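Have a look at these structures, which come just after this line.
Each of the next two complexes has chain A plus one other chain: chain B in the first, chain C in the second.
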Partner chain A sequence: MNDEPIMLSTDVLSDDVGLIAAAGYINNEGGQAIADAATDLMGRGCDTLLIDLDGTRIINSIGVSILLEIMEKLLEEKGRLAFCNLTPTIAKTFEIMGLVQYATIYPDREAARVDLVGHAAS
Partner chain B sequence: MPLPDLLRLADNALSGHSGPQLPEDLLRLVVEETSSRAGVLRRGDDVAARWPRTVSTQVEAATEGWTEVPFPAADTEWRLRLLHPERLDEAVLGATRLGLRAWDLREELKRTRFDERFHVWELEAIRAIATGIGGILDPARLADEILGHLVALLGVRSAQLYLGTDAATAERVGVFGEPVLDDVGLAEAWYEGVSRDEVVALPLVSDSTRYGLLVAALKEARAGTEPFAPDDVRLLELFAVQVTVALEYVRLTRESLDRERLRQELEVAAVIQSHLHPRSFPDLTGWRLAARSSSSRQVAGDTYDVMVLGDDLVVTVTDVSGKGVGAGMIASGVHAGVRLLAAGSPEVGRVASRLNSYLAGATADNRFATFAIVRLRDDGSFVALNAGHCPVLIRRRAGSIERLESSGLPLGILESATYREESGRLEPGDLIVMYTDGVTEAEDPGGEEFGVDRVADVVAAAEEDADGLCNRLLREVTEFTCGQPLQDDATLLVVERVVR
Partner chain C sequence: MEVVLHLPVVPNVELVAAKAVETLGSALGMDRSRVEAASVAIVEACLNAMEHGGGRMIVRVTSEGEPDRHQLVIEVEDHGEGFDPSSAPQNSPSRVIGSASKRGWGLTLIRELMDDVQIRSQPGRTLVRMCKYVESAP
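For the complex of A and B:
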């Protein structure tokens, strides 16, 4: 097990749906990187954000609190937050920490894309 | 109408419907209501909101005419700063106070809810560890699983699991981030542990075993790191207990598997050894044979054999020093050696010498074997040899006993040892009794041994045939020991020349 620094990429899936793919340790630095990416996408008109955690095995409490803040901001803008590719441990953590109450969980990116954008990847 | 808006904002905050923008919304309304040129809202030293947003710290510092209104709070004070307010009445201040208090309550509620959920997360992690690592026997996988939970819950940047009996030879089986303990630090922490602001290391110790050390370091805060709190140490202690239990489970499981494997191997060895003994005796005209053998462990150091070589009948008994697998392996080697050598040479002395030479250099722990061999011809004449073994008894038909005593050292002690053959003749009705010291050294409850004389007395008085004599002798031994199991391997072989 390494310290797994965060690797981040973003994409705009449709006019109002943004994607953040995050792989690595979601701690204060990793969480802040996601928050910055979320702010950027929201500024570009994406009020629905999909965070793909494929490659993320560990998220700590600060990382969770940052995700909660992103969710809070989105809710204030009447937006939506979604996650996909969660490990069972992270899925359980999100359930316990209340993230799944307001966020949608998808098994993988394609399932999320079909539901959020309305069509599969071309 | 900003004042009603202010009150509505406070109401929203109290009911939990406000978002993170509330301080800015509140400040904006106050600035408008008081006709101020600008406003800054601080919480402690932090700026919570500025209105207009363009009012930088530098502008704030360079401008005169600020009115500051403190709003004392339980933990950190709010301070409202307004630039040239035209009116600032109690209604506005009251509404602002209400809004800020509502905001504080909202934040406190969020923190409390987060803390409550975090405690559930802690419990879930402990449960997941307890149930998830039970079947993991590989230390690296175990470390991976445990450190994953630990790093997540404690929010640390560095965690390691060291396993070993001491710091000098300990192996780092799991690592997350950059290790913080060097060799000296590891040695210092190994027995007593370490609890400092930036690092906590806890020894993993059960009642009977020291397993290693669990280290966590550099606890994250929202910005940078912060000292470990007592609750963090408590949580790490819980982890350490779980890790210790898991390691104890690994150790016990491995021991159990090793024991089971050994038991199975011993079973196989015992079966192999039992097949070395004659499964039935040759149907020889003029002779009747019987034997008994028992081992104090699964694999015996005793062995016996019966061979028909041409017209000759050859019988042997061997007792290797010690017990168990080691003795059994040597006994099996001697058994095979006797078979090969006796088939190639009619001289029992030569057989014994060759075996002695082989054994003298074959065992690292100076094991030896007592050995007796009798080669009988069909006319009853025999040649015998006793190498350090219990006296071979010859019972004549009339009941007298003759003893063939040892003529030399047991096999394997001295390579140059020599052995003397004895010869004689069995008449019809005579018999030969060969046995190992497991019979003669059987003890009564007082510690007295059964002894050769008692064996001789039983043999002399017996009227049974070879098989019956075996039964009688063992029965007498059992009565002597009051039914206690024998402490050593015991073997008995009787050769009777039948009356035609």
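For the complex of A and C:
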């Protein structure tokens, strides 16, 4: 179990697709860190965000509630939220809390990239 | 095997309880996804106890059951005002999406992620007991 403070990295995959890679505990602080990264990417023109949770194995409902807020903000902007590399428990938690109704879930980053950006990584 | 923890209300102390679940669950031979489900459930129970329990909490993690049907048993006890478990609503996306309040998921997640959940609550003592079978039902 990774209980270290959350580690984040961001990237712009194309003009309008941003990537947030998050590894660690998604609690209120981890969720807020992701929200801050999402706001930054949206300010840079990314209306589609992919959140890669490879390395994240434990979450709590407060952190996921913040992810719901990110999703709502993107939907207001006619944007799109996607996730990849979810553990079965995180996927089930997202299903219970409604994230999967509005976000797209991909098995891994490459599958997400092909669908969202339209080509594989070079 | 039994672990008993007396936990203070300090940031991220719920991860101490989750670590106990991870350790005992792995020792019992639970697969990773079942351990992680139980870990999220105990995290939620601890967060509820910290928010509503009015002070320290007691966490017990043990195993029970027949040799061919072991289960991980988790108890989280707090000493707050208590509540009526039957009146605690099942949360749902339709209630939350678009609403200003996104909270209130703890018991819903616990009930969905664990195989059995019992809650006894009275003023001064609330006990959440939850079980996860070591192996999924055949």
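The rule is simple: the second predicted complex is superposed on the first by the 120 of 122 C-alpha atoms of A that agree within 3 Å, B and C clash if a C-alpha of one lies under 4 Å from a C-alpha of the other, contacts with A are read in each partner's own complex, and residues count from 1 in each chain.
Note that in this section a residue touches a chain if its C-beta (ideal position, glycine included) is under 8 Å from a C-beta of that chain, and two chains touch if they have at least 3 such contacts.
These numbers come from a predicted model, not from an experiment.
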Is this a clash or a fit when chain B and chain C both end up on chain A? clash
Would you sort A:101 into first (chain B), second (chain C), both or neither based on which partner it touches? second
Figure out whether A:73 sits in contact with chain B (first) or chain C (second), or with both, or with neither. first
Of the two partner chains, chain B (first) and chain C (second), which one does A:89 touch, if any: first, second, both, or neither? both
By the touch definition at the top of the document, which applies to A:65: first (chain B), second (chain C), both, or neither? both
Chain B and chain C footprints on chain A, overlapping residues: 1, 3, 25, 27, 57-62, 65, 68-69, 72, 89, 92-93, 96-98
With touch defined as at the start, can you tell me which chain A residues reach chain C in the complex? 1, 3, 25, 27, 57-62, 64-66, 68-69, 72, 87-90, 92-93, 96-98, 101-102
Can you name the residues of chain C that touch chain A in the complex? 12, 14-15, 18-19, 22, 33, 36-37, 39-40, 43-44, 47, 92-94, 96-98, 102-103, 105-106, 108-109, 112-113
Within the complex, chain B is touched by chain A residues 1-3, 25, 27-28, 57-62, 65, 68-69, 72-73, 75-76, 89, 92-93, 96-98
Residues on chain B engaged by chain A in the complex (per definition of touch): 19-21, 113-114, 117-118, 120-121, 124, 128, 143-144, 147-149, 151-158, 174-178, 220-224
